[in-house]
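Both complexes shown next keep chain A, but they swap its partner, so chain B is in the first and chain C is in the second.
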Partner chain A sequence: MQFRLEKRQEPSRFMLYATPVAAVVLTMVLGAIIFSLIGFDGLGAVREIFLTPLINPLKWQDLAVKASPLIIIAVGLSIGYRANVWNIGAEGQYIVGGLAGTGVALATWEMTGWWLLPLMIIAGIAGGMAYAAVPALLRVKFKVNEILTTLMLTYVSVQLLNYLVLGPWINPTGYGQAQTRLFNADQTLPYIIPGTIVQLGTPIALLVALVAWVLMSKSMFGFQIRVVGLAPHAARYGGFSEGKTIWLALLVGGGLAGLAGVLEVAGPFGRMVPSFPTNYGFTAIIVAFLGRLNPLGIVVAGIVLAITFVGGQVAQTTIGLPFPAVGLFQAMMLFLLLAGDILVRYRLRRVVPLAVAEDVA
Partner chain B sequence: MSPDLLIGLIITLVGASTPILLAALGELVAEKSGVLNLGVEGMMLVGAVICFAVTYNTGNPWLGIVAAALASTAVAMIFAVLTLGLSANQVATGLALTIFGTGFSALFGRAYTGKPLALFKSIFPDWLATHPVLKVLFGYSPLVYFSFAMVALVWWFLAKTRGGLILRAVGESDISAHSMGYSVIGVRYGAVAFGGAMAGIAGSCFPLMLTPQWVEGLTAGRGWIALALVVFGAWRPIRLLGGAYLFGLVMTIELYAKAGGGVAHVLPSQFWAALPYLATILVLVLISLRQSSNTSAPACLGKPFLPTN
Partner chain C sequence: MVDTCDPTAETSRTMAEKMIGTGLKDIVRGEGRQMGNAKFVVSNLSTRKLGHFDVAVEGVSFSVRAGEILGIAGVAGNGQNALLDALSGEVEAHAATAIVLDGQPLGQLGTTARRKHGLCAVPEERNGHAAVGDFSLAENTILTARDRMSMVVMGLINSGAARTYTGKVITEFAVKALGPASLAGSLSGGNLQKYIMGREILQRPSVLVVSQPTWGVDAGAAAAIHQALVDLAAEGSAIVVISQDLDELLVLCDTMAVINSGRLSASKPVGTVTVDEIGLLMGGVHGDKTAEGAHAVPA
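The block that comes next holds the complex of A and B.
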């Protein structure tokens, strides 16, 4: 029996949303098999990584905390990816956003007032935008590939973070430990559900996704972004400037990554520390793709990836599975998703012998 | 500068440049065929951990290098099947490959954390390899001489052979290459496999020459620098060699600054650590300023090819 790929008239909407689900399920099946083959408890790994965080209500608050930054960053990245702008340095913009918020917090450390937190958040967004403005400028003015510049700047931002927390921003009463002071109460995100660790970051993440969904699907801005990505020539013909779109895509991506950064530092961290870079910026790339570059899909995908993180920690304590295994599961998920993409654009047809004969002729 | 210091500097420079040169040569060939594989960092990490494990367990670095090349070729084939067989997005697939390699090396490197490995020393007789002056020529690991040989080989293959001509044709105009009867996908599979093998060998430089102890993520972004280097070298092997040593020099300055010598202390060590990445950005800008037709990317770079449809 032979199969042949046949191009669809238009992309299949069913496959567009079915393939991410299939990718997650297949990752669980293949992951169980592969991890068993290499000498781990494969079934246990899949159970703890994918199911325990979902079944155990005590873990739901952890999911909300982990998913929020992933969703915020991925929404920003998805807008860029739709326009074919490949910002893969969200991790750096996240760090600089966190640093900008920290700067404000340290400068206003002895002050109180409701306005401190909004000011930090604005600084965080501005910091992320400014850091993404560099690759935007270089791409528009000098045609320098943004994939490399955004990534290089991520490495630079890690050094900037280390410099600041070890040097000028070190906690004066911290016995030389590399971290800043703890932010004061007005500089820290409030808890929104009593008795849990869920902070203001979670509703903000949902709001960001909702606003982005409305913008992308209902507004001229969204239309412009999609046209530039799908057909740059047509876009130029229609009067949309490619340069402007690149600027927009990177500024939105950077601004949202910066927002995620400041919400993390003012939230779960409560101060700036060298361990602040947690790879959210890189994981958000998987989230963006798994969510099909659609803000609502990204909310679901963000929760799925959060499950793997929380589950990875569970698996580490319960069955002794090393944490990096989570990265392998995440990569496998992305591989399978990308492999499944072909089913969106093509259909698998069984080739009957007659058709083969015709093809040859 | 005393002669001893200069010799030490050259040896550090060669060590820093060799892995990025090897990885960039592999990527250059892949890109010449029209494939952009952003998974270099991931493939290097897979090579590094496999090389460490095999060398540690067998005591034979040659076996370690061969195993690293094979392992990285195998993971490059994941990329090839997805992007060439299923025409998946090359940017996303390359990123997935790097995430995969990072997880893979962290998972399998854990067993070796902190374990020592003997450096892969020169194969020349001791009186040459440790001679105070001649060691500048004979004191290196075989991987260094291999990297120079590969520059020549890749140059010769691309510029002088029929195979190289076909590979370049596939990268410049896939449709015409296809209509002339060449297998576009087949050539690209080969080029991606070569890129994988070279990234694996580049990865094995880390445990064998540079940090003879397992550290998580020990390639520290060198795979990404290798990608920038291909652009810097304008897809030409000889320029690539120059670029690799220029980047190596920046990294050497970083090492000396960290060790704390004179002028370097004026600026914080983090500045020197960030310098290779800043230099990469600067160089990319400079290249684009003198962009001409013979320094631009292969025309089909990153574009999927579907012959039957």
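The block that comes next holds the complex of A and C.
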């Protein structure tokens, strides 16, 4: 029996939505098999990682906290990816955004007022944008590949973070511990649901996704991004500059990553610490693709990835699964998703002697 | 539908009629049309060579009157694409006055601004240049018709307006497509070309520049596109047709010029020019003796 891939006349809308679901389900199946083979309770691991956070209402607030930065960063990345701008250094822009917000917080440490938090947020967005402006300039002026520059700048930002929290920004009353002062009450995100750990970052994430959805599907901004990504020559004919679009894509991606950074440091962290980089910027790449580069899909995908984070912690305590196993599940998900993508544009046909092929997909 | 015939007894026209199953319509042109004043004036237009195999245009000058169709003949690869990019605005001219429409210098404006002034263009390559294959026809309409047909209000797309206009293009140009939501890439080449030509012509531009308007289109559709161009000219637009198809140009155009190695010959009324003369110009042999050899590079 032979199979053959056949190009579809139009991309399948069914497959567009079915393959992300299939990728998650297959990840669970393969994950159960792999962890059973290496001596863990495979089924238990999958149950703890994927189901417990959903079933247990006490874990929902953790999901909101984890999903919010992932959604904000992934929305920004998806806009770039639509324009064929491959920013994979959101982690660095997230760190610099957090640092910019911290800088404002430390400079205004003795002040109070409602305006402190908005100022920190603006600084965070500007910090992320500035950090993404470097790859944008290099790409537009000198045609330097942004995949390399954005990634490498991430490592630079980690060094900058370590230098600042160990040096100039170290807490003067902290007995030499590498961290900044704790932000004051006006510099910290308010809790929005009493009795939970859900802060202002969560509604901001949903708002960002909604605004991005409107912009991408209904505005000339979204049209420009998509046409430059799909057909640069046609974009020029339509009057859209590729250079400007690259700038826009990187600034939006960097700005949103910076926003996520400042919301984290002013939210769950409450101060800048060396353990601030938590790979949200890299995980958001998976979120962006799992959400089909659609801001509303990204909200769902952000929750799915948050489930694996929260579930990973559960599995660590209940069945002794090492936390890096979560990374394995996440990577498998991205891999299966990208592999499944081919079914959107192609169909799998069984080659039977004497025609009458049938859909196997 | 199968028919048999003796090729020696048929003309190319009767063969084409058999292929499309109906009689070919003759192009109806208003006899004794009044040409207006010079409407679209290009003077000393040059472009830079972009790539190694690119042919730039050098010192191109011509003028088209209102109601006139100017044909530009030439062997492929003699600067036709560079000329179209320079006229459409994808590549800006060195001087604003190199391209003038109704007294307005457009040379240093981009494609969007030129369209607003009434200059529309259709490049030769359909997929990925004149249209985006992965976009629906309605989205492809937004690509070039958004300003002249008011499809954008404060940065937001009025998709209803885009669908309505696309529907009009599909009906008036008999495009075989399921509707405005069909992907451009799912259309046959000929139907996509009819859609693209319709999209520009129905915007009623003051100047329309088209390259290979009927490339790969069946004879019936080609006749419909030709008629639409003639009708547009009759309304007072100036039209420039760049084509490698001499028959097409001779049927369609009022005046003709030839492009060779990026240089354009003087334009002459179609009635006074012979096919032999055009053929020599296309080969790079320029008629007047004084200029001969000065810059003519044999192709």
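Keep in mind that, in the parts below, the second predicted complex is superposed on the first by the 354 of 361 C-alpha atoms of A that agree within 3 Å, B and C clash if a C-alpha of one lies under 4 Å from a C-alpha of the other, contacts with A are read in each partner's own complex, and residues count from 1 in each chain.
Methods note: a contact is a pair of C-beta atoms (placed from the backbone, for glycine too) under 8 Å apart; a residue touches a chain by one contact, two chains touch by 3 or more.
None of these values were measured; they are calculated from a predicted model.
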Fit-or-clash call for chain B and chain C when the two complexes are aligned on chain A: fit
Touching partner for A:P194 - first (chain B), second (chain C), both, neither: neither
Chain B versus chain C as contact partner of A:V326, first or second or both or neither: first
Touched partner set for A:G39, first chain B, second chain C, both or neither: neither
Computed vertex angle (chain A) for partners chain B and chain C, CA, steps of 10°: 90
Which of chain B and chain C A:Y155 touches, first, second, both or neither: first
Which of chain B and chain C A:P172 touches, first, second, both or neither: neither
Touching partner for A:F223 - first (chain B), second (chain C), both, neither: second
Which superposed partner A:P57 touches (first chain B, second chain C, both, neither): neither
Touched chain A residues, chain B compared with chain C: B
Closest approach of chain C to chain B (Cα atoms, Å): 10
Touch list for chain A against partner chain C, complex: 9-11, 218-221, 223, 226-227, 230-231, 233-234, 236-239
Chain C residues touching chain A - in the complex, by the definition given at the top: 88-90, 110-112, 115, 121, 123, 125, 128-135, 139, 142-144, 146, 152, 155-157, 159, 183, 185-186
Touching residues (chain side chain B, partner chain A) in the complex: 38, 78, 81-82, 86-89, 91-93, 95-97, 99-100, 102-104, 106-107, 110, 216, 221, 224, 227-228, 231, 268, 270-271, 273-274, 277-278, 280-281, 284-285, 288-289, 291, 308-309
Footprint of chain B on chain A - complex, ascending: 5-7, 86, 88, 138, 142-145, 147-149, 151-153, 155-156, 159-160, 162-163, 166-167, 282, 285-286, 289, 322, 324-328, 330-332, 334-335, 338-339, 341-342, 346
